[in-house]
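One chain, chain A, appears in both complexes that follow, with chain B as partner in the first and chain C in the second.
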Partner chain A sequence: MKLKMALSILGCVIILTGCWDRIELNDVSIVTGLAVDEGENSKYRLTIEVVNASQFSKNQMGGEAAPALTFTLEGNTISELLHKMNIGITRRLIFSHTRVLYISEGIAKEGIIEFIDFLDRSGQFRNDFNIMITKGEKAEAFVKVTYPIQKVPSLKVHKQTQSFNREWGGDPGVRLTDFISALTSKGRNPVSATLVIKGDPKKGEKSENNMKTSVDTLVEMDGMAIFKDDRLIGYLTVDETRNYFWTQKLKTTSMSVPCSDDEKKPEDEKYMAVTVTETHNKLKVDFTNGKPVLKVKINGETRIEATQCLNDLTKIDTYKDFEEKINRYVAKDIQETIKKVQTEFGVDIFGFGDAFNRQHHKEYKKVENNWDEVFAQAEVEVDINLHLRRSGVRGKTFISEIPRE
Partner chain B sequence: MKNILVEKLSLWQLFILIFIFEIGNAAVVSTGNDANQDAWIAIGLAMVFGMGLALMYYFMLSRLPGKNLFEIFQFCFGKWMGGLLTLLYILYFLYIASRVLRDFCELIVSFIFEETPIEFIAITMVIVIVYMLYLGLEVMGRTSEVFMPYFFSFIIIIGIAVFISGEMEFENLFPILGDGFKPVLKAVFPQLLTFPFGELIAFTMIIPYTSKFKKAKKITLLAVMASGIMLIYNAVLQITTLGVDMRARSNFPLLSSAREISLLEFIERVDLVVVFIVMFGIIIKVSVFFYGALKGLELISNRPYRMYVVPIGAIIAFISVKISDNFAEHIEEGLIVVPLFMHVPFQLLLPLMILPVLLWKTRKSKEGRK
Partner chain C sequence: MSIFSSLFTRKKNKNKGKPTEEELFKQQDIPKQYYSQVEKNKKLLEELFKGTFDFKCEPIKIGGHKAYLTYLSTMTDKNELSNRVIQVATNHPTGISFNNMIEMRELYFPSVDFKVAENFHRVVWAVLNGEALIMVDGFNEALSLGIGLPEQRAISEPSTQTIIRGPKDGFVEGLPVNILLVRKRLKNPRLKFEIYQMGRDSKTNVALGYINDIANEDLLKEVRERLNKIDVGALLDSGNVEEFIVDKTITPFPLVYNTERPDSICGHLLEGKMAIFVDGSPFVLTVPTLFVDFFQASEDYYQPFIMSSFVRLVRYSSFMIALLFPSLYVAISTFHHELMPTQLLISVQAQREGVPFPAVIEIIIMELSFEVLREAGVRMPRVVGQTVSIVGALVIGQAAVEAGLVSNVLVIVVAFTAIASFVSPIYSFSIATRLLRFVVIFSAAFMGLYGVLLFLIIMVIHLVSLRSFGIPYLAPVAPFQPRNQDDVFVRVPIWLNKNRPSYLYPKSPVRSEENNQPSPPDQPVGGQK
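For the complex of A and B:
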């Protein structure tokens, strides 16, 4: 009996303990950013950004050091390069906390399917990192620009896009799965956010950059990139990006709406600042007389944050008047952006094709293969229905009370 | 027959066993892809047919209460023919058991333990299953009773969590039946009908041992329905979170969906919950097939099935590793070859052929009794 017990305990010890694939924490480095550039002698030039974890502990050991470390290699596939990184780096790399993937313009213009497949296939990458196209400088430079508050460059960019997305809607919020499903769908083309560096990239690499109140070098959001299939074909500005995002998943934003309808110079005009607090958007494609009509319908709530207009905000009529102005302003903005995409790029980045498919499956099947051309020709109707609900903690503005000569 | 124990399952245990058995690996590998966004309709349709199949199996068993499928073979065709049929079914059950085990091993190897040899996972799983079956059917029933609440609530919670994370897009379900019923039917037959619903054939070895055989019919049907609804829930969850394309391309869509969960920015990375669901589902599924095969051996050799548990377990572990060289081979065989050449004959054709003989024989015996 005792022998049996002993044997079974021994068996349990052998079977249940340990873990084949275990990796100790002090054997790994956490990768937070990947930057892909064109290689000089081979296809890609990959830079990784690894967090220097000891810099985050309260009692720093080994004095001041850079918050993150980058390392660059060249090769023909990303996955091989990632496994080869230990040429210069001590620890094994783990990728599940990757925050940003930077892709340089040049690579994006040639097509990025080839390494997107790796990211999709490998179970190591989660679906929560940003895909960023870098304008101007090499992608490599972007993982090196530090920032005083969020010292690791990619963490900074990630946080920044998150806040921007929630606060104003200037980041399209594209993740890997969104990108891929837009790629595979015939009724939609992918987009992704873009970044630029303001200032001298070389200065940004040093931690002295963090000692100043006005940093020398800064990574900024710069609208978004438009793809046709997997090739970059053009850009939208930050404002247009917001308009694009308005047709997608925008939650809050704010804007300056002119007080009067007549055209004036911007400096003469008076504005009201409007914050949109809630929106519900819907894309529809109506099919009448054999021609698709693209429809954007947005409902939502707004509030006045500040006003330079003299209208009395305690009157119902003023609210109605302002509401109309806001709706007209937003509708014009969105209409212009869609028109621009139609005429300049001719690719459906909004997902009208998918909406068409859902509503009129049979008709869509007929135009599926040249949907982008149909999209570029189609009429656009924008129906905005934003309600102005309140105007802060004041009614009448004091501006109208100031005695004037 | 010496030392052969009479084991009894309660109806509730039967319900749970069928429920977990059906969901087991079907919830995890992508099913019904032919139907695109209508996969859930296909599953619903397959469920209705599955209930029909369950009725047929029950009807066969009810002609000779207390006898399992293999005993019916012997009753109908005599010792030798019946024995041969039994042997075929034993091989079928063992093969499917190893195939199901391989599903799980593939999942573990491709998602979690990337460097662990697949043999190691297969063997550890089989050790658990062998131990459970060595203790008998009743232990299996009780084990599943214990784990059922977790199993059930985890699946439900995953759905709710994904929903709250805002990752679901119900638009993905449209257009409903955009291409008509054809793709749906294509998905139902033979794939969805046979896997998971037709696999109920293994329960013809268990249903006769329930404590109240008369009520087993209702319970079986209810269980099939419940699991069908659960699978529909699952399919909707997967389609809305991943989209049709992504789901079709995912090897394990439920796992991929669970990865999207992000509650309050601190409940994240909960994919391991899915692994628990699969693991338990697989243990029950392999055990049920395994048990069927063991019962067959018991009948043929006239020795208690416990004698065979360990050697056959070893064989299952071995086959599950050797069954295919790579993942593509495993999946392609599993989705194309196996349903047509193994599931359809063993789940549909053979039972249908046996049914008239059984009817004729039982009628004669009843008359004789009079």
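For the complex of A and C:
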């Protein structure tokens, strides 16, 4: 009897539950990118990019077709639009693999807080997709530019930002969680990466674009966007983005440091290529004479990749000399970028406010509500301490051994 | 219904006890009385064996006495019979006289296996066992001489448990040969074999082997008790015995270990286990059995311990693969798309494009057709075996994919699972995985990863509830016994494995005391340089 009970309960558990969230893979479309533009008649114009998976199998059953498909709808909330997409698309959409959210300049200037909430709230989205501000063209155009290697546009952008972030530091590496935590913090304002289209966007939509070795249309990284709260207020260039990222969590980068930083001899244009292999950075705010002083301290290791200078790299003095030059070069760059942000935009995107809060909580509380103004006035000190460790597998460069005249 | 429910409920000792030998013979209408007039006995025997072409009852003379030599010609060795019995008897037709059967045997048939049959039941039994029976007039007992059975299958390599390095002999169908194979390896007077006769109709010889000063007395008592309880028509294989002595009937997991390898049996005996040999079966059982036994191949002990430890870990993981791989595929591809990396998801989706079935139906079709193939491969005559593999590989591997009925990924999943399920060294364990695989596929199809997890929980609960002759099935993992871990997931070198596993409560728990770690000599070989 007990056994019968147990069996029937078990049977109920299996037969009456389950299956409710079961979707076969051939009944879904994988959404990889979302693009938000201003609507003509309503608030938003949303374009989704779904993968056409059959293009990725060895035996293409559907013949040649585009690797991805986009569809556009207009409406007043993003979430409604996402559920309404089947007006033109056959399958149910899954968003767990959404990699990039493109936001057009116009929307970003008006504020994006309203639909960011949906993305944060929904359990379907990952919280680590890229947020990209699109410059020039409509955001819609960006999800349509194909690329020969990563055929799905958003996957291409995702991979591109990852590599660029890791190799050179030209992408601020902002994901949804970073964006929201910067938004909610008073001591920091959000940033995000920006994209531009090089070439004709119309040509980029066709797969003929992929047939050439030099593609007609390409989506490129273009530095980053600066927000005041959730509104876009300006841009930094790619180089400035790297300088910004120095103060955050730069891993590796590479730069050309002049052999001589003597301003008087600009005609002697010789450089050494330096790769940074490891950095540890720290933001500090010291409080002297009632005024906060912003301090950036960076330690790290560098390596000489190539040199045009004739200095003898087998000598320790050369290393010391080079180290100083590198440090001065980096410090100047970072200082300039921080100054530019202070003067042109007057918002703290670096997180000095958060650092200040941690170090001098009481003082910070006094200026918390007008921190950005305090930030814009504050003095900046950049302390760079990079060590030159290696110079490849050569000591002296052979250039110095070539007999001249 | 009552049969079904008796599978579930614990056996209540209602049976009146199994019939004694006498009752059994009585049921078959065989009288017990053995007469001193040999003609009477002869008549009775001829009556009993009427219609048996190979029954012989030939008159001979021994020491002046009138006698009959009775045997089954198909069961006795002709040469032995003529050399050792007929010639001896006919050479001394009026030789020395004797007072009883034992004396006669000493005089005429020294060094021949013998038994004295004091009643008619024994006489019948002796004839059926292939012994040569001598009934002498005027004596109220007969003498049965054991003269070799006819040739049997030669000792050959075990077909179910092949090995690369290690002994290549395997058990055969004959009980004496099997015992010989073990005795040759363990020259130990404490190695005991107890003999049992089982089966009302078959009278099969069953031997219980153990090492007296290692095996635990209580366990031995339990095994003897269970063997004594067996009351069956006929025992045709050790599998029949296994079903009578297990602790629990309703379980997919084998609770009794079986092997064709004598070296494996020796290893088990030395740990303190007991071996059960059944005449007519090359598969010898050992009890008690643990879950981990099924992951240990005898080759593990002949290869370097690092290699065999690695291989053992491979076996454990392939058990998990064989059990869970298809269900994980079903669960992740229908419930948890977010768990797959994007690239993988896209390529899996690309494969599934155009497949008309849901993933679970697809996988069940494939698993079933694989089971059919496997079964056909086993049962088919060897001559046509090739056909099956060709047709199977083509139909399942290629045609089904090309026709778009199943996806490529799925073929990979099923094939890998199938291969992983062959890794288990003991077949009876791998069939358990086969069965459970279907259960977990269904569970995953209904409830996704939650279902897989639920299944695993239930399986583990079931496993820890199992006992083999009172020993926890999962020992020494659950209950965890740190001392006994030296031969479970990895194998320590043999010189380090000094203790017998304590979960078997061996009488002498220590294998060796000495520190036997090999090392180079202290002095350099060949003197100092």
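Assorted remarks:
Basically, the second predicted complex is superposed on the first by the 385 of 405 C-alpha atoms of A that agree within 3 Å, B and C clash if a C-alpha of one lies under 4 Å from a C-alpha of the other, contacts with A are read in each partner's own complex, and residues count from 1 in each chain.
Here is the rule we go by: a residue touches a chain if its C-beta (ideal position, glycine included) is under 8 Å from a C-beta of that chain, and two chains touch if they have at least 3 such contacts.
Note that this is a predicted model, so its numbers are computed, not measured.
Chain B and chain C, once both complexes are superposed via chain A, fit side by side.
Shared-chain residue A:Gln359: touches chain B; no touch with chain C. In the superposition on chain A, A:Arg126 makes contact with both chain B and chain C. Between chain B and chain C, C contacts the larger number of chain A residues. With chain A used for the fit, chain A forms the apex of an angle whose arms reach the C-alpha centres of chain B and chain C; rounded to a multiple of 10, it measures 50°.
Touch criterion met: A:Leu155 reaches chain C, while chain B stays clear of it. By the touch criterion defined above, A:Thr184 lies against chain B but remains apart from chain C after alignment on the C-alpha atoms of chain A. Once the two complexes are laid over each other on the shared chain, residue contacts for A:Val219 go to neither chain B nor chain C. When the two complexes are overlaid on their common chain A, residue A:Val28 makes contact with chain C while staying clear of chain B. Of the two partner chains, neither chain B nor chain C is touched by A:Leu81.
Superposed on chain A, the gap between chain B and chain C at their nearest CA atoms measures out to 5 angstrom in whole units. Chain A residues in contact with chain B (one complex) as well as with chain C (other complex) are 19, 21, 96, 126. Residues of chain A touching chain B in their complex: 15, 19-21, 96, 123, 126-128, 177, 180-181, 184-185, 354-355, 357-359, 361-362.
Interface of chain B with chain A (complex): residues 110-117, 120, 124, 127, 171, 174-175, 178-179, 242-243, 245-246, 259-260, 262, 269.
Interface residues of chain C facing chain A in the complex, by the touch rule stated above, are 8, 333-335, 337-338, 342, 345-355, 358-359, 404, 442-443, 445-448, 451.
The residues of chain A lying in touch with chain C in their complex are 3, 14, 17-19, 21-26, 28, 30, 32, 51, 53-57, 61-62, 94, 96-97, 99, 126, 152, 155.
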